[in-house]
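Next up, some structures in structure tokens.
Shared chain: chain A. Partners: chain B in the first complex, chain C in the second.
Here is the complex of A and B:
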């Protein structure tokens, strides 16, 4: 048993290293094109989807308000660096910690709720945050947005082009992925899955469900806030529409399409949902219809998400073809 | 099935290859419009107009024999997407200039991208922040909100009304209007006695209007885009509000009269001249452009062109003028746009300079009143 576990861990490590290599090399063929720019947003969305997947896929707690933490991160960094000329890195840390604290505090009452009520409560958090971004005009610039956010820099090195920003964002994303992989393979991860299956059973077995749910909620908010800060410094402009309810739903779609309860599934979902609309532009005015049809067929034919569905489909198709020949 | 698919694919690629082989290096112009999403009422007529203008230029033999290729993308009113697509236009499609985006948010998001890549952009959005402070590569054709505010306040001063209530929508259009209303009030000796807002999706404004009825306001100014202001008009009528109601140029289309029905009667608003082209005196410099635009739009799309489409018409025509004066590189095109003097378009008479990339003065707006489901000029 112990030996088997060790082997599993080793293959996990190899998987992660291969993934790192892919991330490292991915933008090189597109370095001059706009795809490297799209891949930055794949990185941001990966962090967001990962945060939601830990909560929804592992702990089984739905959140329709992830855009709130994303937005708080972005606006926190944006406001502190433009209105108060704070050091961007310091602002990023400060904002991430405050957002995590905020999530921790609202986590206790919110996560007491279950099912539809939990969905409603998190939806409320998302909408309240969006209204706040819109209405605090003096601070956030209101609906017309906040511009002039500086790029990040270390010493004299400024992250001012797509390729540099790609490595910046994915650097953060890889750390988030590594932490998440460790988390889900730990005692906490097993606890979360137990809560997912049956909260009552988990509590009977000695899992402190209440604290654990709040902890994973906080961690998820932390990742989202960091993604928000990165987004603000990469785009250098933010407006409330980028953190609306629609974004929360898009994140949910990424997680479901990619694969619930799978770290790499979140990345795959983010990659697909960010890249697909770009690839479908060839269909001109019909792109939205094709996009919708693809999403529908994926949910029907790959119910476990891409991460499980693709190998499954492959296994089903390969013998079938052999049979035909 | 697979065979059919591959035949289709081969066919498509042949057609693509053929069409590319015959075209002799066209001038590539990019366009970003919010054709879908909440701002589609802007993006759709803008895209239609841009396509129409390019069609006509090409049918007439292009500019100095060079055809124009218009590459349009739909931002969906999403700032992140607008940034990606601007990058795509610049890095993959190698356009020499960009027209659009449709909304202030999209435009503000794209500005850092075009400034860095040094590609001229003519935005079709109205927000004052776009060209104030002036950005080297960014121009705009939509009239500043400040000009519309000035037009209303001028009328109020003429009628010696000094106390007004303002009711603005909480989106970028309303926020910008509110800012301008408050900023300019003092200059016209006007006192804002009620300052209220409503949400873009609100369906009842009775509460705000009741508050206004109880105040000493002598006029109401509502700042929003459809459908909110139509609700305000209806509620005002239901409440028997007797003071005059002013709207913004955001509702200057037939759609507003349709939505508000009888409640629209007597409402006044500043608008670009496209709505009242036929009522304008012959001496008006814009009349020829306006009538050409309206005629063409009707011929192409069988509906009436509005001033949103007009923003794209102006942007495309400004580019055409700049290119026909011999500019081909992005830098030269930018220089020629900035050198535009007295170009009579749809939104007004444009005169750009190094210090002014908005190009219009308050003559761009006329004040109209709704009478018998139509527009009449207020003199």
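Here is the complex of A and C:
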């Protein structure tokens, strides 16, 4: 039995390394093209989807306000580096810590709620944040946005083109993925999944559900804030529409389509839903309808998401070869 | 060991329990019986902190634990199993037991996400211990099966393994024999005795009278939310009030 687990651990490592390799090589075919720009946003969205999936897919706690943490990260970095000319890296750390602290504090009252009530409360957080981005015109530029955010740089090296930014963003994303993979296969991950399956039983087993829910909420906000800071420095211009309720719904769709409770599922969902609008330009104004239809059909036909649905489909198509292995 | 003092529980205008007072003696097996609706499961829910009592106190040893939430009670040795087994269905059998070892490990968010060396060794220790507990209840071969896919009888054993992993001082079992066939019930009786022999005090709610009379040292009878009788299996079997409650009033 112990041997089996060791093999499993090894295959997890190999999976991650293969994934790193794919990320490393992915932009090469279109180094200067439009697509490598899109792949940057796949990276940003992967971090966001991952944050939500830890919360929703593992701990079973919904959040419709993830765009708030994303926006706070982006505006935090944007405002501090433009209005206060702070060092971007310092700003990023400062913002990430503040957003995490903010999530920690609101987490205690908000996560006492369950189901629809939790959805409504997090929705409220998202909407309040969006109103703040729009109304604090002096700081954020309001609806017309905030421009002139500097690119990140280390020493003399500036992340000033798509390819450099791609590796910057994915560097962060890969770290987030690695930490999450470690987390879900540990004592903490088991505690979270236990809370998801039966909160009463988890508590009777000594799992402090309240604290653990707040912790994962905080971690998810931290990843989202970092994604926001990166986003701000990559595109150098931000406006409130990038952090609206629609974005929170988009993230939810990514997680459900990719696979609830799967780290790689989050990435798959982020990839598909970032590329999809590019492929469905004609639908642009109706994208939220497309997302809604996708959500509905996924929950009905593939509740495990694509990451589980595709292998399942393969098994059905080639039943003979698998036999009774 | 565990003492309930004047426990009362009301849900709105409905009195589910009133004036329940008894002690579970250390190292013994106590059975709690009573007709349906007598308040047995409610009593367990109060004892484990799922509901606060409306009145009275729950004492573990000398300590009044009435105000502690379930997870704190679990940490000081009060653990339970559920009537309709509450497993973590999407996790493997082994992982279920590993959750039971939650209180005996301490790696937090940081150590786990960074996979610190001490986290790895703690993980190994938990895994080995979990396997030992699966061995204890006799299902080590099912370690990698998803818990939701287990047949009911095996699920019950897993729930006991998971509860035992906490190394409780006292284990409360809510209808452990419900849904088991007679062979499984006989095996369960042996398992419960084995648990007592480890020094764990056991209290169980049960409808299977043969099981209760066979393994219990003390029996508490509830009826309509009040205590009807308390005593050894022999005393209870001969108690006219108990017979009346179960079989209806007799003419004489």
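Keep in mind that, in the parts below, the second predicted complex is superposed on the first by the 296 of 325 C-alpha atoms of A that agree within 3 Å, B and C clash if a C-alpha of one lies under 4 Å from a C-alpha of the other, contacts with A are read in each partner's own complex, and residues count from 1 in each chain.
Definition applied: contacts are C-beta pairs under 8 Å (C-beta built on N, C-alpha and C of every residue); 3 or more make two chains touch, one makes a residue touch a chain.
Nothing here was measured: the structure is a model prediction, and the numbers come from that model.
Chemist: Report clash or fit for the pair chain B and chain C bound to chain A in the combined superposed model.
Modeler: fit
Chemist: Between the C-alpha centres of chain B and chain C, what angle is opened at the C-alpha centre of chain A, expressed to the nearest 10°?
Modeler: 140
Chemist: Could you look at A:47 and tell me whether it touches chain B, chain C, both or neither (first, second, both, neither)?
Modeler: Neither: A:47 stays clear of chain B and chain C.
Chemist: Is A:191 touching anything from chain B or chain C once the two structures are fitted on A? First, second, both or neither.
Modeler: After superposition on chain A, A:191 lies in contact with chain C alone.
Chemist: Touch check for A:137: first (chain B), second (chain C), both, or neither?
Modeler: It touches chain B, and chain C stays clear.
Chemist: With the two structures laid over each other on chain A, which partner does A:288 touch: chain B (first), chain C (second), both, or neither?
Modeler: A:288 sits against chain B, while chain C stays out of touch.
Chemist: Could you tell me if A:200 is touching chain B, chain C, both of them or neither one (first, second, both, neither)?
Modeler: second
Chemist: In the overlaid three-chain picture, which partner chain does A:271 touch, first (chain B) or second (chain C), both, or neither?
Modeler: Once the two structures are laid over each other on A, A:271 reaches no partner at all.
Chemist: Just checking: does A:162 make contact with chain B only, chain C only, both, or neither of them? Give me first, second, both or neither.
Modeler: After superposing on A, A:162 lies in contact with chain B but is clear of chain C.
Chemist: Please give the least Cα distance, whole angstrom, that chain B and chain C reach in the superposed model.
Modeler: Minimum over all C-alpha pairs of chain B and chain C: 31 Å.
Chemist: Touching chain B and also chain C: which chain A residues?
Modeler: Touching chain B and chain C on chain A: no residues.
Chemist: Sort out for me which residues of chain A touch chain B in the complex.
Modeler: Residues 32-34, 37-38, 41, 134-135, 137, 142-145, 147, 160, 162, 231, 235-239, 241-242, 277-278, 281, 288 of chain A touch chain B in their complex.
Chemist: Going by the contact rule at the top, pick out the chain B residues touching chain A in the complex.
Modeler: Contact set of chain B toward chain A: 36, 73, 77-81, 83-84, 87-88, 90-92, 104-105, 108-109, 111-112, 116, 127, 129, 170-176.
Chemist: Taking the complex as given, what residues does chain A use to touch chain C?
Modeler: 1-2, 4-5, 179-180, 182-183, 186-191, 193-194, 196-198, 200-209, 215, 219, 261
Chemist: Would you mind writing out the residues of chain C in touch with chain A in their complex?
Modeler: It is residues 48, 50, 69-71, 74-75, 79-80, 82, 86-91, 94-95, 98-100, 102-103, 105, 107-109, 112-115, 119, 122-123, 126-128, 131, 140, 143-144, 162-163, 166 of chain C that touch chain A.
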